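Structures given as structure tokens follow.
In what follows, chain A forms one complex with chain B and a second complex with chain C.
After this line comes the complex of A and B, so read on.
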């Protein structure tokens, strides 16, 4: 029983790492632009399918395709940004409609190119298991994704707290009018945020392809999950996003272990609603603060 | 330094500014007064780039501001504070100033930041969280400090003394005078307290219904019957009382 619980907690922790890598990109763009990019999950999915195409069509290790995926996802993100920046009225609402539509277009493009089948990596290294502390099992891919995700998120956290562009992101996030009147060029900072979100989406896409399974409808699922985690954390706190993602991962894992896999999503939703009921601004929200 | 000619701003059917024309010379201090809704903040918004004028000309040191975004105007030397202080989230007081200096003035000069902290009496709060650990006077001082850190030559101060007690207001006024003299700035100050304006500014502009109705020394302006009418609805102070 104890071993089973520990394994469930460990699996939940690893799943939280995936979720957090997806959610941080969404939170970063929201913090900078006050826009919820509902196509973010589809950008993650695009990266996953680039990995799939590299492996099946060209027979290369998916990791070798990361630079190509970065260019493709970065370009797709730049297009999303270019369209978003043309919205001058009621941006918060209109951007939801625009990015939702772009997400549908991306999903259908993926569907028409790669069909609706479920795919995962065939590279045995990713699927091999490792044993940690004699009792905890995990796939190599899961551990690599968790560690890589943590390193990337730590990098984004450092960037936000210690670089000038990061400080400009926080300034824009907390007081856009004052920041621009202090000389911050909002366009430049927004583009930078989108590109960093694209980097995170690319990594998350590769992590999901190598450690889980991918299918065209997954993008929407990822966006919803990332949105829930971002709101749960309190719109914009990166350590909060990580903790929120791990909470969701753990509760889902415990539900699968002790109740039923069919209740997994419901358990995450209940946690989300309970947190919002107790603390409407989320676990770490209230200050519209990125990074801290 | 700054010239406005025939500047108009329409919000739908409402004319917020009607053909405003005036200029500000280098190092000049001007008080901008008028009843609520007269168009004072709109005028600041036009100069700083938050609002685009419907018509008119707007030049700063020979450069037309009309097509420049806010951040370029800041880099040209137009600094601005806001009526309601809102520091950058979860940054220290020093970080707020450093961000303003880095992006507004395009450099990192810790000595100047220390000088600003000293002149605004914020040195002992420099490493405090600006969002949660400052009193109102300190928030107001930080607003001025952020604008100063961009190294402006023209400073627009929007009701920076509002909400302060009389004693704090006096001390704050002295700091503003010290700032102006130290950095040889031109200043335009929106303020409702006439005594404060008279003490700080040798020239006063009065706005009413989006129009400049008086421009001159505080003595002359506050005796002007049209100015008195704009505040009281009556022609003279005697009638008003």
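After this line comes the complex of A and C, so read on.
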């Protein structure tokens, strides 16, 4: 029983790492622009497919495809921003509709280019097992994604707290008018946030391609999961995203182990509702959540 | 003399053009409808069936050339039951003579109900849930069913002599029905069975497979799901290395696509398969099917294409028979389909009063060195099974 519990906790922790890397880009954009980018999951998927294309067509290790994927996803992200910035009325609701539509376009573009088959890396290193103390099992890809995700999130957190641009993002998130009066250029900061989100989406796409499987309909699933975690964390909170994602991962994993695998999604949603019931602003929500 | 020859040529030309004109006037074009998931989570299987339907149309246009021609109008249901119903209603409005297609029992259920209301035949191979035929709709037909898949899986597991089996299955209609049927049959034969249901959103199977490894300790793990699920289960198993003798699945597993995409995971894994890979066809129709498939899609046919082809070809032949009998526009198509008794690429097909093909039995293939070898039943086998053997 102890072995089962330990593995469940370990698997939940790693799953939480995946969820967090997908969700943190969404949280960053929301923190800056108060916009929920419903095409975020599709951007993650686009990065995964670029890694797939590079590996299949050119025999390139998926790690080497990251710079190319970053350029493509960054460009796509900048286009999303350019379209979003043209919305001047009812920004919250209209941006939801716009990004939802962009997500559908991206999904269908991926479907047209790469067909509907499922794919994953063929590099065996990523699937090789890592065993800790003869009790905890994981794939190399999962551990690499977790560690890499932590490093990236720590970097974003440091950037938000210790760089001028990071402080500008927080200022914009806190009070857009006051930040503008203090010399912050909102457009520059917003597009910077989108590009950082693109970087995070690229890493998340690479992590999913190496550790899971990708298929065109996955983008929407990723967006929904990222949205739930962002709300659970408290809209715009980066540390909250990590903690919320790990909580969801662990509760799902424990549910699989002690109840049923078919109830894991339900368990995650119950946790989500309980947290919102107790703390309607989420775990780390509030007026200025971005750096907390 | 010259004038006589000129007259003869003119008269002959006129006679020929009248004859050709009369022939063209007799040739009828039939429009079939197809409702399929070409996007969404079932896009992969929907597109596979779509390819088979296209091959059937191409081959029928050749074999009925000069007499009849066939077209298909396809609508994407986006893997949504509501859009499946809307697609069928649109096809009915556009005047199709019948519908071929459908994937996923949860989509086929309401879509075929809409076809029934519109008085249209709906023929499929994409939904094996028993409830579909238990409704008793006179316009519903399918060429495969849960029983055929279950018999193959049970037969293979019995041949392996397994005493303990863990069934890991997706919680959808078709997969649950199949898993429960296998459970009942194996339990009745004295096999200890552990049942483990999972949700379609599951991407990390390690906690589940760890439970199977530490608590069930089975001889065989039976997987009932789709491609994505199999990859997750096999990856988790490869990491955890449970002491099993075989990994057995059903549809979408023993395929060329899986051998190509996941060679490290597939070795020694079993799945249902009508054909070995590389494909070996001997019957003339099968050879023509494979050649047409290759010509249209530049690849070898898979089981989805094969099923899509068979259901559509049976439908086309019934449409022609009904037309020749003058009953096509008078609701005679279901009766003609019910008279079907054909040896097809998937074996003999006849339909009972509920539209089910009770002759359907599947075969089991095993991935061996990048190939799919048929290993069960013995009369269809083209190789021996590697047993005990697992991918790790």
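Just so it is clear, the second predicted complex is superposed on the first by the 289 of 292 C-alpha atoms of A that agree within 3 Å, B and C clash if a C-alpha of one lies under 4 Å from a C-alpha of the other, contacts with A are read in each partner's own complex, and residues count from 1 in each chain.
Note that in this section a contact is a pair of C-beta atoms (placed from the backbone, for glycine too) under 8 Å apart; a residue touches a chain by one contact, two chains touch by 3 or more.
Small disclaimer: the values here were computed from a predicted structure and weren't measured.
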Three-chain arrangement built on chain A, chain B and chain C clash or fit: fit
Superposed model, angle subtended at chain A by chain C and chain B (C-alpha, nearest 10 degrees): 140
Partner contacting more residues of chain A (chain B vs chain C): C
Touched partner set for A:179, first chain B, second chain C, both or neither: first
Touching partner for A:170 - first (chain B), second (chain C), both, neither: first
Which superposed partner A:216 touches (first chain B, second chain C, both, neither): second
Closest Cα approach, chain C to chain B, once both complexes are overlaid on chain A (Å): 37
Common interface positions of chain A, toward chain B and toward chain C: none
Interface residues, chain A side, partner chain B - complex: 164, 167-168, 170-171, 173-175, 177-186, 287-292
Contacting residues of chain B [partner chain A, same complex]: 48-50, 69-71, 73-75, 80, 82, 86-91, 95, 98-100, 102-106, 131, 146-147, 149-150
Residues on chain C engaged by chain A in the complex (per definition of touch): 38-41, 43-44, 46-47, 79, 171, 196-199, 201-208, 210-211, 214-215, 227-228, 231-232, 235, 238-241, 257, 261-265
In the complex, chain A residues that touch chain C: 3-4, 7-8, 11-12, 14-15, 107-108, 111, 115-120, 122, 124, 127, 129, 137-139, 212-213, 215-217, 221, 253-254, 256-257, 260-265
